[in-house]
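The same chain A turns up in both complexes below, where it pairs with chain B and then with chain C.
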Partner chain A sequence: MSLLDVKDLSVILSTSEGPARAVRNLNFRLNRGETLGIVGESGCGKSMAALALMGLLPEQSETVGEITFDGQNLLDKTDAEMCQIRGNRLAMIFQEPMTSLNPVHTVGHQIMEPLRLHRNMSDNQAKSETIRLLDRVGIPNPKERVDNYPHQLSGGQRQRVMIAIALSCQPDILIADEPTTALDVTIQDQILELIHTLVREEGMALILISHDLGVISENTDNILVMYGGSAVETGGTEQIFDELIHPYTQGLFAAMPKLGRARSGRLVTIPGTVPDLISLPSGCTFTDRCPLATDMCRNTPPPAIEVTANHFASCHHIDAARNRKTEELFS
Partner chain B sequence: MSEDRSLSFVNRCRRSRSFVVGGVMTAFLLMCAIVSLFWTPGSAYDITIANRFLPPSGAHWLGTDQFGRDIASMLMTGTQNSIVVAVVAVSIGLFIGVGLGLLAAAKRGWTEEIIMRFSDFSFAFPAILSAIMLTAILGPGGVNSILAIGLYNIPVFARLTRGSANSIWAREFVMAARASGKGRFRITFEHILPNILSIIIVQATILFAIAILAEAALSYLGLGTQPPEPSWGRMLNEAQTLMFLDPMQAIYPGFAIAIAVFGLNLLGDGLRDVLDPRLSRKR
Partner chain C sequence: MTTENLPVPVLEVHDLVRHYRLPRESLFAEPGHVFALNGVTFEIHKGKSFGIVGESGCGKSTLARNVMALEPTDAGSVKILGKEVVGLSFDQLRPLRQHFQMVFQDPYGSLDPHHNVGRIVAEPLAALGAISKTERENRVRDVLQSVGLKPQDISKYPHEFSGGQRQRIAIARALITHPELIVADEPVSALDVSVQAQVLNLLKDLQDEFGVTYMFISHDLAVVEYLCDEVAVMYLGEIVEKGQTEDLFSSPAHPYTRILLDAVPKPGAGKKRERIKLQGNVTGQTERRIGCAFQDRCPMAKDVCREVKPPLSPVAPDHLAACHFSDSVMKDGL
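== the complex of A and B ==
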């Protein structure tokens, strides 16, 4: 049995213009020690899916489906029960390290909190564990840094502190929602390397959310490509990088600048913009921007077709998409 | 580390002129109240008709009133009364109001609706009128005027707290705290309250001044502190009939009220400068 099994997960946000389906019928599994990358452009529902897992969605929203974590459906849990799981067995790192720490408490205090909360540690135990954690995430002079306030640390150091908080209770699953987007490129690499190492050493499962394909390719075993709230392509990282199938995935990869191809022409863009989540087509969400779209695409949701073992793509025109080069699709 | 912080705190206090001036004025009032507990230049209670309307002298610093009581002593003793009323009334508003505001922000939904509509409702009545109504029902007296002023303070604090607490709830570090498994109650006291404390302190200082003013108004109308306890408001009232005979009798208590209110307002303003790190960083 998988550690995490998400079945038909949908998130419906009620907005002033009507219900918006931020996530629709998402399915994936995650085993212990596995890493999953969720990739897609802004507004495709990546973060909403992550928040749904944590049970932290805004109040004006509805979550349907099943999130089975260690044999229990998280959607059936009360808020008090979720508090026992959050931070303890499921932990999350956020995008913005500059604002994710409370300015009025020392970083040590903020790392000690989950330890006292979930582990019932005494102040002394929590303090020495905190120093160990700070050392673990690569902060120099952890004994002095414990008493620092967040404004005394740099962005990279604050993200390290956030990682220390997330790791404090040795969670089963770590969810990292664009953990390096707000950081310098040089720091990005260090932070990802740190997350990667810690996840491997602690045997945790990782869900890494990013719009950066480079980040995803280097750090994950499996990939889930999202568009308009639904998964368009899933599979092993190597499989997907070997053969891109779904027109959206192809467009996404083609839109990435590549070294050595400079000056040879303009970057490929996918025409159109991200669809309005309130008025999505009832079929494939990519219909309006897809060069292969037909009437069938608009009205019938495409089934997930297994192209090679464990590599699924949701498209009505898989063969056409496979047989064309990306340059022909988007030109 | 902590020495650094306290040093910069003292420096910031010194640099804020309104904090220093307001602090000195408030400290002066506080001193008057404390000294009057043990000693007053004359008697604020003894009626000696033979000594009425004496001009200021060594024995009677500010002269005497129409019953021969020492005005300086009455003012000093009246300070006690004003401070006690203001402290208790503001505390009532502070604890209940802040509690309700935090609850509204933490629970949202119906709880918030009910608490906030209820404070809107009580705001619809002019404060002094509802205080008069309350003392009219419960009967005049010091305790009832405290209660009336305290009740008025509750929605003021509730609104302020809920508004600022909501803006903190929307911050990312609260989301991060929730992600680490903290419940609403815990987040409220660990993350929300410390971040809005300075706003509440400033508001309390300013409401303190308003409470002193309100107490004086109620006493002036005969609904607050009852004789023979001296009170600034009632001194004003008694001096009213003697405006042309001895105007100083009205000017002294009026001046005392003005100093108290002005000093506390300055202090509140200064505290805002001192406690708000966003403003101080610019200097």
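== the complex of A and C ==
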């Protein structure tokens, strides 16, 4: 049995303009020690899926499906029970290290909070554990830094503090939502390396969410590509980068400026913009921007087709998509 | 750069210095300074794109603000179309501003939500003096069309547009006075990948069509490689390497450039690469240092780097680097 098994997860947010299906029919599994990358553009539902796992969705939302974590369905849990799990066995690192720390408490205080709450440590124990954690995430002079406020730390150091908080209770699953988007490339490198080392040494499972295909490709075993709330392509990282199948994945990859390509011609663009989640087509969410789309795509949700072992793509026109290279597909 | 057959550069920056005073820590102590720009020199020729890369805190945005004459400069000169702008008063600058315009990073913060698109885009025309209403409307319509927006968008408000479309509005606003120079400070970093590609292609098309010159600031090396003819790498308020994009990216001569290029994650490149990692982050903006700016983080720093400041000197035609060991960096890497 997998550590985490997500079945038919859908998240519906009620907005003033009507219900928005932020996540629809998402399925994935995660085993201990595995890393899963969720990639997609803003509004594709990747953060909503993560928040659904953590039970942190906004109040006007409805979650259906099953999230089985260690044999228990998290969606059946009460708030009090979720509080026991959240931050303890499931931990999350948020995108903005600038705003996700509380500016009026010292970083030490914020790392000690889960230790006292979940591991019933005394103040003294918690403090020495906090210093150990700060050292573990590579903050110099942890004994002094423990009394610093967030504004006294740099962006990279704040993200390290976030990681220390997430690690404090040795979670089974670590969810990192765009952990390095606000950071410079050199600092990004350091933080990803740190997450990677910690995951390997502590035997955690990692869900890494990013819009950057480079970050995903170098740091994960499996990938889930999301568009308009649904998974369009899933599979092993190597498999997917060997052969990008879904038209969206192909377009996303081609639209990225890549180092070493010099200024060879124009970038491939995907026409249009990310869809409005309120008025999605009832079939494939990529219909409006896809060069291969037909009436069938608009009306019938495409099934996930297994292309090679464990590599699925959800598209009605898989053969056409495979036969036409990206450059032709979007030109 | 071959200058014989080219007229005056669109932008000439010479030895630009900008230091910010920090608040006094005590009544008797001398106040500290942030040394944001320590003598930056470069020029951009007509129709070219000049990229500036570096980590946060290296002075890229300070440079943009000083080039745009948005704040007083401490020393040095900025010449736009051969005309000095440092030291001019607000009223003297105003008629000149039509020649240099700026596109900002955040397409959500840089457009006034109370004004409709027509008014936002027409605003820089005030610098041209009195023009007739019909002329103004025509220019707004033309410029919106050239950035790919529709004439009926004129009466809409910024909140009705997506991030990519807003950035198009910001670009239209910069273009409406037919400027020679557009300074773009991270114009695509807030956009999604698929939208980013549209905006980058648009910037390229506009350059082909109107011959505008770009000073393009970005932390994303791949974006700079795609768009720019020349690149300067900044570190602690200095240019540490400068050259044609192809030369600089294929054979970097400064260890910092090499490390920056190595740090970019590459999709589909298989598993982890072996590479040199940079420890720490940019620090030392508040101290005057002897020797090389990069000495604290450089993997190959020797005694000479701590004593003698390496000058920005040619390592190949049109390729300058400020490193004592640039020859060996180019030949053998780090």
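We adopt the following convention: the second predicted complex is superposed on the first by the 331 of 331 C-alpha atoms of A that agree within 3 Å, B and C clash if a C-alpha of one lies under 4 Å from a C-alpha of the other, contacts with A are read in each partner's own complex, and residues count from 1 in each chain.
Operating definition for what follows: contacts are C-beta pairs under 8 Å (C-beta built on N, C-alpha and C of every residue); 3 or more make two chains touch, one makes a residue touch a chain.
This structure is a prediction, so every number in the text was calculated from the model and none was measured.
Student: Would you mind checking whether chain B and chain C clash or fit side by side on chain A after the superposition?
Tutor: fit
Student: Classify the contacts of A:S217 with the two partner chains as first (chain B alone), second (chain C alone), both, or neither.
Tutor: second
Student: Which holds for A:E96: it touches chain B only (first), chain C only (second), both, or neither?
Tutor: Only chain B; A:E96 stays clear of chain C.
Student: Who does A:F253 touch here: chain B (first), chain C (second), both, or neither?
Tutor: second
Student: Based on the superposed arrangement, let me know which partner A:L56 touches: chain B (first), chain C (second), both, or neither?
Tutor: The first partner, chain B, only.
Student: Report, please, how wide the angle is at the C-alpha centre of chain A between chain B and chain C, in steps of 10 degrees.
Tutor: Reported to the nearest 10, the angle reads 80 degrees.
Student: Comparing chain C with chain B, which touches more residues belonging to chain A?
Tutor: Comparing chain B with chain C, the partner touching more chain A residues is C.
Student: What is the contact status of A:I318 with respect to chain B (first) and chain C (second): first, second, both, or neither?
Tutor: neither
Student: With the two complexes superposed on chain A, say which partner A:H105 touches: chain B (first), chain C (second), both, or neither.
Tutor: first
Student: Where does A:V64 make contact in the superposed view: on chain B (first), on chain C (second), on both, or on neither?
Tutor: Neither partner.
Student: When the two structures are overlaid on chain A, which partner does A:V274 contact: first (chain B), second (chain C), both, or neither?
Tutor: So A:V274 only meets chain C here.
Student: Of all C-alpha distances between chain B and chain C after superposition, which is the least, in Å?
Tutor: Once the two complexes are overlaid, chain B and chain C approach no closer than 8 Å between C-alpha atoms.
Student: Once the two structures are fitted together, what part of chain A is touched by chain B and by chain C alike?
Tutor: none
Student: Using the touch rule from the top, collect the residues of chain B that touch chain A in their complex.
Tutor: Residue list for chain B touching chain A: 1, 108-109, 171-173, 175-183, 186, 190-191, 194-195.
Student: Flag every residue of chain A that touches chain C in the complex, lowest number first.
Tutor: Where chain A meets chain C, its residues are 41-42, 154-156, 184-190, 192-193, 196, 211-219, 238, 241, 251-253, 255-263, 266-270, 273-274.
Student: Looking at the complex, which residues from chain C come into contact with chain A?
Tutor: Answer in residue numbers: 55-56, 162, 164-165, 192-198, 200-201, 204, 219-223, 225-227, 245-246, 249, 259-261, 263-273, 277-279, 281.
Student: Could you pull out which chain A residues touch chain B in their complex?
Tutor: For chain A paired with chain B, touching residues are 54, 56, 59, 79-80, 83-88, 91-92, 94, 96, 99-105, 113-114, 117-118, 147, 162, 165-166.
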